[in-house]
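The structures come next, written out as structure tokens.
In the two complexes that follow, chain A is the common piece, with chain B as its partner first and chain C second.
And then the complex of A and B:
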């Protein structure tokens, strides 16, 4: 064999990349890829089929509720001649006891449930996080007083109180959001306070103090970012719970007022016909169940995705 | 008062510093009990002693992280614990700490670039993101890391690399005085030498003053100009590095030095170890008299009754022992 031939063979082998060790290839990828939160989220969703399903379901529900006005039917228009109609081309999920299009009502109901769930979660998370961090960071007597106040809120039978307050005030979505938020921040505050207590003693907080950082910077740059996984889990539980509370309130008639629909009030009106048309109860029930479940699953996935240590 | 004549114009001057922690039930833990020393500009004071003797507490009290019980810490003539507002912020800019644990002292949720430039942001020394990135890469190169490390999170680094990041963060705001709180004890030996050499290099480059807290005597010898030996919250011997290693006077120092292994098997075999018996007494109720008397083989009656004062026994050599004349 002549040396020239040898050379050619070696070149070919090199071209094929076969000699490049797999590990170095991975390392190059490592350097190149963006290690941001979005990358983590994407990988987590790719790996977890259930999470993917939940995410898709929620996106569909959210888009559908936003686009609800596109439905050809008026959600409040009664058509008594056509009541309790079965599924048909015109009425996708049939009609209810007053002849209103059930599908359209479900879409509008989803608006109420999601908005109330989302916003009361936000009220609870923002207030609970601030309350908990302040309480935990200051510590001592202030902490004691603040946590006892939270305990008092916790030991009040909140559902009963929500009903009373709701019947005193004129019921609207805003009052409902505020009231539900008002009675669900304590759990968040407790979790956050406990985390703050442990985080504020960590070395990196001491380092920040040593660098001359003020309490504000320490809380917002070090303590809160390090609690994000716990806050997200609390948020997902909180949103699911708020949707359930809203449904229960509406079911009892203390929620949104007629003729506005919500999944809870749809369940309530389905009661009368539960023996002849059980599907009327099935649809809103299923929607509540799947939405709440999806939020819970998503909370778990988000927590893992936001933990930089768990990046694969 | 010890050390007064050693250096003119000290950067850090510690006078009779005491730091007690209340332990409940009326008990008091005397972590640092009447400690005095001085460090001159560009010099390094090594502070050695066994675990729990108050070295770290002493370092943290000097930087104002802990409040003092009594005594005073003067940084360039200013009382560290009386600084408020603007003065305090200026002080935090000129004094930095390198922490012992490179795992716990770096925020796991921040990228390396954010970590090393945090001090710059606090003291408004950078104005935008681009400048931050540039400074971060510059600092990483300074401590021997690569610029592309800037966008990684801390869990992707080894212990030695993390400690370098900690050092880069401390150096970022160009301090004058750094408390190195056992910066090498969490690292393995080969990396320890690298870090100590890096610190020495930085000292030469930036004219830094160090308080180097450690329990590894051979490393301390390598980096320090002066060494203070601490036992149960008190300094028992303070002298120049060479003097301490060639003529240790205090029985405790002698015992400590005899424990350094010698990297030569023939000499190592002949090495005589002074083995201390018993444990360190609790700092909650230290024995009256000399703190070391319960473990000292030379202890006399006087040692059990009377607390020894710091005495000058040679040029730049101070010791607290009744037996040294």
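And then the complex of A and C:
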């Protein structure tokens, strides 16, 4: 019985591309004459309609939430005479239970969800990359200890701890970002560690070492730059997860606090009107679904383009 | 084998201790004194001090933790602040319904994911595959609480096929009634696992179909159906065990969210109300139990994996 074996499988599962739904159909000589990352990306998007749709959707969502202040409505202005209004020219998606313009609120909600997603991803990626490279580069006992510690993080019910922390501290956007980030770096660390271990045996690293480069320099100039493709892929998936976590938190009432709203908290308040105006519950969820889906698809497309393999 | 299990169980202890220290610290370093839950404004200082000592809330945080740990080792998780009932009793009362929900959705996801993954891998890049792939993308991306709300709107509020919440109709004591209540929550809870399992079974099927033994079987004239069920399926199930173990966290988290949407009377609902009312002993007990479920689940996955794949056992004997 070899417990290590399962760990290897886990690394493979995390790293290996398990899901290439619509594989880019490289011809053999395409891969042999590698035309570079941009060419690969471009062909992926040209061939894969789903990927193209997701990219466009994300661009629209990002631009829309940046331009949210241009909306003629104030997201927090209540108008009780006009509550639960249906779709109209003035109120694009109608109004919510307090008469606030739903479309404008969805735009501002998108800001919160995207910002939390983006920054938690950054926390997770920066910490995970440093942790993984250090662990993999040093190796031996240190590596073993560091990976055990990461395992502990992996085996705790992180969402529960996030809820507890958030309910006891006053949840601001910053605490949410830090907390979500702190509980989602382990996957990145594992991937990065596995790559570091193989990279550090490569000739160019040995040459750099023999030329007198210090560990710091080797890690930052030679090892990390070579892992950027994997890190980008992990980042895309990580944003998707962070947005899901944030919206679940806000839905349960442990996320951003009023009057600020995110898509998750919009759904929470939509629950009250689920009987008479179910469409209020429809839009925010659809936005979450499409955004998360887009980041997930994008992650897979990036993986196919950045790590070209011979697809038979 | 015995040594390995023993070693793993010993390894579980530091994890549990670290998690307990961590949650204890969060709970006790957070602003607000837990004692406020127990006292009334008209109590004197001495009375408050007595209650404080009673609850083990005097002394430094380290002393408090040690006191808590000692009690836990004796099987005493303390009393709930709200109901004054023993925490352990309450949790174990709710545990079966949560395990029922988790178990049902796990079985459901395996049953659905296997055929989907196999078909998808067999028909790689065909239309069926693309449809299944899009569905599994949706499965990993859909916020479970929203999916739950949508199902409630469609199937409960409009079609009246399934109840909106709870586990039983009041006054009705039948298995069928529980099953009827179980349908929607278990569908929601399994959607994520279905998607993840389908992904891995698909990619495994693709790699397995390229193996030489499949070619041998084909050239011997074994029908395609038998190749799929007899050879490919067996080899695909192995990694599923690992992935199921890894995905257990999503089952625990998911049941937490889904129980509160459907009002399922399980640990999730209990935990949510404990967190909302700052019922500290309950939060601690609840966190520890969730952690234990996760760790034990992972251990079982690892054990099953080595039982299912004789190659691993042989590797060590050598």
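Here is the rule we use: the second predicted complex is superposed on the first by the 253 of 312 C-alpha atoms of A that agree within 3 Å, B and C clash if a C-alpha of one lies under 4 Å from a C-alpha of the other, contacts with A are read in each partner's own complex, and residues count from 1 in each chain.
Everything below uses one rule, namely that contacts are C-beta pairs under 8 Å (C-beta built on N, C-alpha and C of every residue); 3 or more make two chains touch, one makes a residue touch a chain.
If you're wondering where the values come from, they're calculated on a predicted model, not measured in any experiment.
**Student:** For A:67, decide between first (touching chain B), second (touching chain C), both and neither.
**Tutor:** neither
**Student:** Taking the superposition on A as described, I'd like to know which of chain B and chain C A:142 touches: first, second, both or neither.
**Tutor:** neither
**Student:** Please indicate which partner A:56 is in contact with in the superposed arrangement: first for chain B, second for chain C, both, or neither.
**Tutor:** Touch status of A:56: no partner.
**Student:** Would you sort A:211 into first (chain B), second (chain C), both or neither based on which partner it touches?
**Tutor:** First partner only.
**Student:** Of the two partner chains, chain B (first) and chain C (second), which one does A:222 touch, if any: first, second, both, or neither?
**Tutor:** Only chain B is touched by A:222; chain C is not.
**Student:** Which chain, chain B or chain C, ends up touching more residues of chain A in the combined arrangement?
**Tutor:** After superposition, C is the partner touching more of chain A.
**Student:** Going by the contact rule set out at the top, does A:42 touch chain B (first), chain C (second), both, or neither?
**Tutor:** neither
**Student:** Taking the contacts chain A makes with chain B in one complex and with chain C in the other, which residues are shared?
**Tutor:** none
**Student:** Once bound in the complex, which stretches of chain B touch chain A?
**Tutor:** The touching residues are 63, 65, 88-89, 92-93, 95-97, 99, 101, 104-110, 118-119, 122-123, 148, 151-153, 155, 169, 173.
**Student:** Mind pulling up the chain A residues that touch chain C in the complex?
**Tutor:** 1-3, 5-6, 9-10, 13, 16-23, 25, 50, 151-152, 154-161, 163-165, 167-169, 240, 244, 247-248, 251-252, 254, 264, 267, 270-271, 274-275, 278, 281-282, 284-285, 288-289, 292-293, 296-297, 312
**Student:** Can you name the residues of chain C that touch chain A in the complex?
**Tutor:** Residues 1, 4, 8, 14-15, 18-19, 22-23, 26-27, 30-32, 124-125, 129-130, 133-134, 136-138, 140-147, 149-150, 152-153, 157, 199-200, 202-203, 210, 239, 242-243, 246, 249, 252-253, 256-257, 260, 271-272, 275-276, 278, 283, 286-287, 290-291, 294-295, 298, 301-302, 305-306, 312-313, 315-316.
**Student:** In their shared complex, at which residues does chain A touch chain B?
**Tutor:** 31, 35, 202-204, 206-213, 217, 221-222, 225-226, 228, 308-309, 311
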